[in-house]
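To keep things simple, chains are lettered A, B, C, D, E and F as they appear, and every chain counts its residues starting from 1.
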């Protein structure tokens, strides 16, 4: 049914990430490492590394900083044809890596970005989805600006009409949603057109006023409210320290809650984008493996793997993730 | 009359500068070198290195990026007591160093900064100038926002009343002035209260509609329009390439135009802040040397020296600049 | 006639370049900077930065080093669809930058590379040239192996038949040609199908046994021997030191020898790929400017500009090169 | 009683630390990372980051290396007004970071430093303590030279007279004490004027010939000998490897021994200055929290936190340490 | 009997290792860290650091890359007098460090190296062994080329005749052995002349068709087949992740299997060369300690220690390894 | 007569050089680049690179910093057998590179070094010179301490007796000579036993009270006072800026003053050790070329070449210097 020759389309802001080197705090930094990422673009890059055609749609400033972001995507063979140029600025964030008990910290500087100034009608979604099998968005996009919310809704509506599968990573962020609307104003309409949802209990509550004692019960309520939703997944993170986490995931598939194995991550390199790696793994699984448990295991292994990769995007092949699921080559020296 | 135990006060935005390493273009950068500077803060730091007490007044975001800027000033012993904190963002700019024929390029990202949101009344100028002998501003500040222009005017007015000498580096920037006022709306009132002006012919025309075939004639017209102005100086730069400039300066002192010697700068390290180094040198000269030609030579030597210093600020002692004026120790190995 | 919507196709080896940092000699190096380039691929990337569609054809090892080379091309939007994968190794070279009187040095390690093992028939040139207006090769490719020479000849023959303009940068390299054939065995047939040639007097002699006291006379002889050739150009380099060169160029256009202006390059950053930058500039000029002198000036300016860019490829826009030709913005600080 | 608007004064040598990058051994180092610290100056900087006014007193060479040390303190807003200049050299040490079982190693090169040449009477302690609430010294200072011991005693005596609380981190170092006196000759007089002591059983024995089977018994003996001492604290470190320690602390408060929670430090970044971070935390606790258990927990959390910070000084706010005590935000990603 | 004033001679290829910095994957690398090593040369360097005279014999290209390899050995005082020069290339390999579950990966590029082109008779083994007590080879050398296998056999035969003790680290590598011979064709003759063997069960099977359910049984069979063999040792590695291994070792001494203690390696820096560190430790132990259990413990501790050292070679003194065996100074800060 | 199979022996302190990266001033440095050098050791390394056996004699601290210095020499195949170990410290110096008009600056920290504590009788000069043809010292050594002066005199006396040629680079340094003796107390006796002297007019005056209007006249006077001296040479430096020098040299050969060609050094990388490079070139010339003018040209070219090399030592082969003398390969790209 789903054909992996077809493209997965993602929509969302690409941010410039400026990270202090090593474990330096902001006030110690003399250099910043630069890379480009975004919750949705990270999914596109990861899928492309898994062998799935992927296109990312966004709006970037018409200067060499914006162009650097495009180069970063294109390098990984993500289709950038439908990226728009604008007069405004690059959204960016500053990051310091935590170490042990000390948390990692992010200072966002993304207001009035080129993406925040995107408007309904800017993107020709019919053309974008011409060869698409899947559309992915996150709850970050509608939280940025009315225009971004409008464009996201447009995309979801067109995708729905064109029979494109839709996934949404709800990902509630309190500090966004500053343009006069709340998540509960905007998210329900989007979710009502979505097939695959990534959300935890608090996301469901914050975005859709759905509550439940357990993940399973909340999922049941969620399904009642949003009948189009087929599966709901979420990662389960145990943050022992910034250097040591345990990660697993669960997925409600309409019938039951499946659980993945848990990974012990004792020397974390970079956890940014781990959720996006999970999302890409889940899309890959559902597109290619067509088995819920296998998809969940693949997604969780992808999420675990990302913690060992520098930068926002999960640089892994599907074969590497398959090996991790099978427990092969773990921690070896491959010659 | 002027007492160098007293403080020189500067007002203006401090920007975070993100520079590509070496000669990398923006689209090649994997890291950015960070430092903090601003046309007026650079003057304060340079004066402090010359041994003059200096205070910088600005408004910075209340986060660790803003705090990093304060640390950078405090390290050089600039008084940061009157720096305000705000909710908004750090103004910043990206820079790539030119090489040979290729020009250096700057991409500004400074709109809606904490400083742009400063308002009349935020600063208690009476207290600020309590122990001050000199106040320095540039034409960048009133170009940023109405609030910044208001605060600059307030400062100039209070300084005037309290007998503080006032210098203004006119420094016309076409790309600023985007809040509805033009330089010609705002600058004349500021200049009319200023003692020492740094401006070239085009600055005088763009900011005060004063024209003149020669620098000397333009200065004569300027003085007529702004009787408070005592001296007008400007640097003269011959840009053979990004790596090779020649620099000299002229100063009209109410009577005649003095010329400095010219420096041949064949292997430029960093020209950002060279004008500010000139300004600091001029203030130091007028405060300490009390001789126009000596002041101009000191300022020009300071400007030349800055081209060999990494970062925005002129790290030089007064003794080092005096040596350069005298031609001593030039290019030597001092053990 | 020539339509710049069409693609320029280049064929040739992509090498991994391992450069000692700064001015370190090989025996001092603790790290090597890595980038990927090749005489022909550099032309493709430069043209893409000028806005011309470009495709590069090569054969790379089927490992992550080979993939890194593809990523480097794709980042700059060069079409990599027809790049082949092989079992063999990545050709590479080690480089130390000269300084002043000391020459730069290259140690090649390219034998038995994946590209050297390319064979006649591996590439479907009909498909490659389907939307092409121009094909570019250099004298390096046929010098590598019989297979590479065969593939180059195939390409030239198919291009000719399909009406694709053909350029060849003769570029004689004594140390190659180790598979049993000499340049004089192979090059004449290729040249006889070529429209635009880059070659100096010694190249013409070494590759085609054409001699002449002057460049003009040699060109006359060359044209007699190879009637298809329309234009012959070459750069003229005066190496005062590794840090200081003067560069200009000449072009024989069938009638006369045109000369470009000369650029004084006093602080060279990286001269590798300057000839390829010239070639890309020449192709761009002939495709777009359609004026011999303008094309030559554009090509020479591109060549000069490259000396200030880190890495093998000329990261410049056409507008930047046009500015240099016009003498605008040279050595300025563009805000 | 104790007023945190008042200044904490510290006395001691500031050393230049030259650390091999990463895990390089000394014989591998091509660069050294530089920072400046000292057991007492580290306390001052940490307190300043907690919001407490702090002044450091020392003697540094009158050259740019000495000035670099001053800049490092001033950056963190430590009052450097009473730092003296001398003709001699900067004390320094070389360090290689251990990894796993391999210990970290320090090579000191501090003899004949500017600080070792400080003399009785050099510091006007009356002025220094004019606005002080607390004076802190360590057992390193009197171990350096007779002059340093004299100055320390002077400070303690004046502080005592002026009602300034006195803390001493006994910190016995066998390799110092090379000027003809032993710890037992010098330390008792200093301790007899001290309120708050940081010392373990072996410190008490080596510096004051006080013995005891348990920390509690030793503290009892210590109090008998030094009635002025109010509290005795010490950290308890379990060094599983250079990368993995467990840290907790105990404090005898005149009545009983309080114990802190233990922190598991599995990925240590830099343990230098962890004892000084504890000391600063203890001073902060006793000044601000005024509760023994809360002070001990704050101090221990500060000590734990320092293991994740690059450099000698504990860059943490009081709020961050309070969070760690409460177990909030541990290992999270704070946006 | 064995006299440690005498030299240990090693034979084998020295490779240039190009490692991505930090945890970067190959496709992310902008720089590569360079060092030189080889299974046998690593043994020589480690022994030299233990105080044992050592000589390495190899063949390197006659260029500055080959010379860099010689410098790397000579720096550590390894005798390089008998290293030959050849026309061919430097063998090299690319490496990316694994992180957590992700394995480390090596891409070899060593075919047709100068060492692969070594031939029987190139080395005057009589002279080489004039002052030698020990000769060490590995199973890598005979796997490279017929010439290398011939030279290795020559060495073993001459060593045997001259009464030099011979050790062989069998180290079976599937991807080598591409010149037409298999390990089982070549290794038995070499082993039959060897005294001390490092081999696991699979090595014994792959190289000598010896099988056994347990290490002890396999050793018994091996001894029957190769009566000259006195001891067989091997490390036992438990790879929990790339960051966390447990390491121990066993040695069959003709009578029984001795076991070492196990080391928990929780934050691995670099595991390349850990087997060579074991080998060097074993040779040192057998030469100096002359006790089987002590030798095994020393070798295992050396192996553990190496995991914390950057680069291929075990930079440790014998005293440091002795301390680790005794559990002294583990994870301490040695001042 | 002179046989280049024989060893050149040098005596002198080896210092650790800590250089700020790029053009950073001391107060900006976060890292220091490290290398090891010394006026005499630099000569030994350079000669070794020219193919002449060389031995360096010094005294270094018995720690890993001292050992690092030995490794640096041994890497370049300098014989380190007679280097002594002492309890004291490593002499070191901090350096910031000048840029353009700004001078380079050195802060020495070398007092009480292991070398300064060398004593008469510590070195067995008879053994050292057993296979030597040449002994080289500089005026720095006797300026360090009485012990160093004594050992230098011993060396010169034994060398003289054993027929070893003696060269002395007079190199007067005002800031040394602090142990109670002046240059004029010590140098004459040393010079009176020396064959080849490098000295300028001021050196001759400061060390031997010899004056003269011109170099030629001063040399005449010098010869009268010191009949053993055969040749006197000195470099002539024109410091236009830190980035641009001109360098040439003169040599009085007992009859006349020979002049070398002048080199224009427009982009200086590192001038430290240029005088030592000249010295090594002169020794090489006199040993091998046996022609005064050829020796002088070789020495001057070596000196020029050094300005383009990072670090203290002149990494050049004799063939490279010969090429520079002939004007071959200057500023080329050698493949």
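Note that in this section contacts are C-beta pairs under 8 Å (C-beta built on N, C-alpha and C of every residue); 3 or more make two chains touch, one makes a residue touch a chain.
Please read all numbers here as calculations on a predicted model, not as lab measurements.
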Equivalent-chain rotation between subunit E and subunit A, CA atoms, steps of 5 degrees: 120
Of A-B and B-D, whichever chain pair has more C-beta contact pairs: A-B
Subunit B and subunit C, separation of their C-alpha mean positions in angstrom: 46
Whole-Å gap separating subunit E and subunit F, where each centre is the average of the chain's CA atoms: 41
Set of subunit F residues in contact with two or more other chains: 25, 27, 30, 71, 105, 266-267
Pairs of chains in contact (touch as defined earlier), listed by label: A-B, A-C, A-D, A-E, B-C, B-D, B-F, C-E, C-F, D-E, D-F, E-F
Touch list for subunit A against partner subunit B, complex: 18, 21, 25-27, 29-35, 63-65, 67-68, 71, 89-90, 94, 96, 105, 107, 109, 111-112
List of subunit A residues in touch with subunit E within their complex: 263, 265-269, 304-305, 307-311, 315-316, 320, 324, 329-335
Contact set on subunit D toward subunit E in their complex: 22-25, 27-28, 98-106, 108, 173, 175, 239-245, 266-267, 271-272
Subunit F residues within the subunit E interface of the complex: 71-72, 74-77
